[in-house]
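Look at the two complexes coming up: chain A is in both, with chain B in one and chain C in the other.
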Partner chain A sequence: STVGGCRMIYALYIFNRTGSCIHFSEWHRTRPVPNAEQRDQEFKLMAGFLYSLKQFITTLSTKKENDSLICYKTNKYKLHYYETATGQRLAITTDLTVPDMRDELQKLYSAFFVEYVIKDPLYTPNTVISNPLFKENLDKWIKKLPAYATQPPYS
Partner chain B sequence: MVVYALWVINKTGGLIFDREFASGLPELSTNAFLKFASAFHTQHAIAAQLSPVPDCKGIEVIEAECFKLFCYETPTAIKFIVITDSTVQVVDSLLRDIYQLYSDYVLKNPFYEVEQPIRVEHWETKLAQLVGEWNV
Partner chain C sequence: KQALARQPEVMSSSKPYARLGDVAFDKMEKINAELLTMTYGALVTQLIKDYQDVGMVNQELEKMGYNIGCRLVDEFLAKSNVDSCATFQETALVIAKVAFKMFLGVNCDVTSQSSDGRRFDLYFKDNPLTQFVELPPKCADLDYSNILCGVVRGALQMVQFVSEVKLTKSELKGDTGTGIRVTIKEVLKESYKDDDE
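And now, the complex of A and B:
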């Protein structure tokens, strides 16, 4: 049975400017766990999909390249999007009750990505993030957000 | 609150109707619209594939800075897509009314073949009236 009106954060994807996935975290997974290859396919699909949505929006908008995807909703989940000036793309999937997460994504970028990744002298730009501090601190912060529930909605 | 345009897409992703009701979108050729319809059709399906939870049906709303796009997919896989300005919150009733008009004036028209481009005068008149009420 589902817990009605329960807020939930499902997953976070970070892509670099060429579309490679440099970070992925997930919480409350309900679909079967994929193997590494399926995982890779999923990242490629998400990256391509976000890119095509971006093209779609810039063509339809009067602001052209200055317009950007804010979020999209389906009947079951919502995806919030934030692209930095350097081309890093952050996408977070949540349930439908979670309101706009742009501020959180901006915060995520400046407080964690910039601090633990960009400022890390051992990090090569555009590669997969391996700094455990990034993942741990990000995880702790996400779990403290009001949008994150501790009880999975599907049992 | 402005409704800029309506698109109707058939179950294979073909654009069967497009109408602009208010200016606010860039000038685009018919070809561009056909490409869009097909692109959206694919995106709608991919969003369902990428869902973190089961039973996802596809995109219902896209929010950009300058506009919003709302999609209603009927049980027969026809998609009604309405593009509005960014102040609009909800267009459920408009989409249902459009579907109603489609059922009454398009589907019940004996000369209309399903999945084909819609060229039915009554539908266009009624539609213009309906959207006119929204755009006041």
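And now, the complex of A and C:
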């Protein structure tokens, strides 16, 4: 649930080209924590949904070339999306007051994903990211963003 | 640049890409070129000692390049700020003017391209890999810079292009520069694995 006027970043999903979730982080979760199986279902649903949404957008697009999903919003949250030509898909959910996060997602990709994951010789491409440096640095950076509120929302 | 905007059909101008290449090159962390030359030379020498067969060494270099290319493409996309390519002509220019400049520091040109765009030739001089190198007679068939072919193939694979990349000219075999021919065989469609089916 959201609180009026409180900026917040809720969760980050990273999917690979075939739709597997290779990374998930969340902050400020107010709903009950799901178990591993429910988690998996959530990821599958999210991946499938984003894929269908993209197909849908391209079909309906008036311009036909390179039209892509940027973000969608509901009356409770916003989802910002960034996809690379290599099929890495980043989706971040935030509260409604957060403006466009495309630049942040681009930065996330180049400064964190490329530097800590792609360049990690111990990482097998397309598998779940387990590099602690990636998680720590990502977490620190997210928490410093203006979109991230320092105080948890009162509920 | 204004003139270019008014003539969208003149796709072959490479100036904006050359600029992107220069900017990206400036931002990249640099190492000593001779260090690369020596390290690569040591690697190839060791491969020849291990395999004893030039054909196998060529293959191995290509494979190593492929693995590098698969990862390098993400760094390329992240740091070069290129938009998606609308045509194969653009793809060729991006590889030559931006990627080769950014990672190898060389000024590479697209010297020819088939009418459908799928086959094109890249050419550059002063290949940092081949500096100081001489091929002995028993290695006359060695594709010394084959790692570069693998890198291009790996990178293209990750953006859904299945390709064949071959070394066509080499400074070590009497040519004035390095030539690489890229042939795009297949464009893969987006596939999505669905466990429920």
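Quick note on the criterion: the second predicted complex is superposed on the first by the 149 of 155 C-alpha atoms of A that agree within 3 Å, B and C clash if a C-alpha of one lies under 4 Å from a C-alpha of the other, contacts with A are read in each partner's own complex, and residues count from 1 in each chain.
Simple rule for what comes next: contacts are C-beta pairs under 8 Å (C-beta built on N, C-alpha and C of every residue); 3 or more make two chains touch, one makes a residue touch a chain.
Note that this is a predicted model, so its numbers are computed, not measured.
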Query: Is the arrangement of chain B and chain C around the shared chain A a clash or a fit after superposition?
result: fit
Message: According to the stated criteria, A:T127 is in contact with first (chain B), second (chain C), both, or neither; which is it?
response: neither
Message: Taking the superposition on A as described, I'd like to know which of chain B and chain C A:V114 touches: first, second, both or neither.
response: second
- request: Counting touched residues of chain A, say whether chain B or chain C comes out ahead.
  value: B
- prompt: Who does A:T30 touch here: chain B (first), chain C (second), both, or neither?
  reply: first
Query: Now for A:S61: first (chain B), second (chain C), both, or neither, which partner does it touch?
result: first
Message: Nearest 10 degrees is fine: what angle do the Cα centroids of chain B and chain C make about that of chain A?
response: 110
Message: I'd like to know which partner A:Q38 touches here: chain B for first, chain C for second, both or neither.
response: neither
- prompt: Which partner does A:T97 reach: the first (chain B), the second (chain C), both, or neither?
  reply: neither
Query: With the two structures placed on a shared chain A, what shortest C-alpha distance in Å links chain B and chain C?
result: 14
- request: Overlap the chain B and chain C contact sets on chain A and report the shared residues.
  value: 66
Task: Could you pull out which chain A residues touch chain C in their complex?
output: 17-19, 44, 48, 51, 65-66, 84-88, 106, 109-110, 113-114, 118-119, 125
Task: Over in the complex, which chain A residues touch chain B? Could you list them?
output: 10-11, 26, 28-31, 42, 45-46, 49, 52-53, 55-57, 59-64, 66-77, 79, 93, 95, 154
Touching residues on chain C, where the partner in the complex is chain A: 70-71, 73-75, 77-79, 83-84, 86, 158-160, 190-195
Message: Residue numbers of chain B touching chain A in their complex, please.
response: 24-26, 28, 32, 36, 39-40, 42-43, 46-67, 69, 83
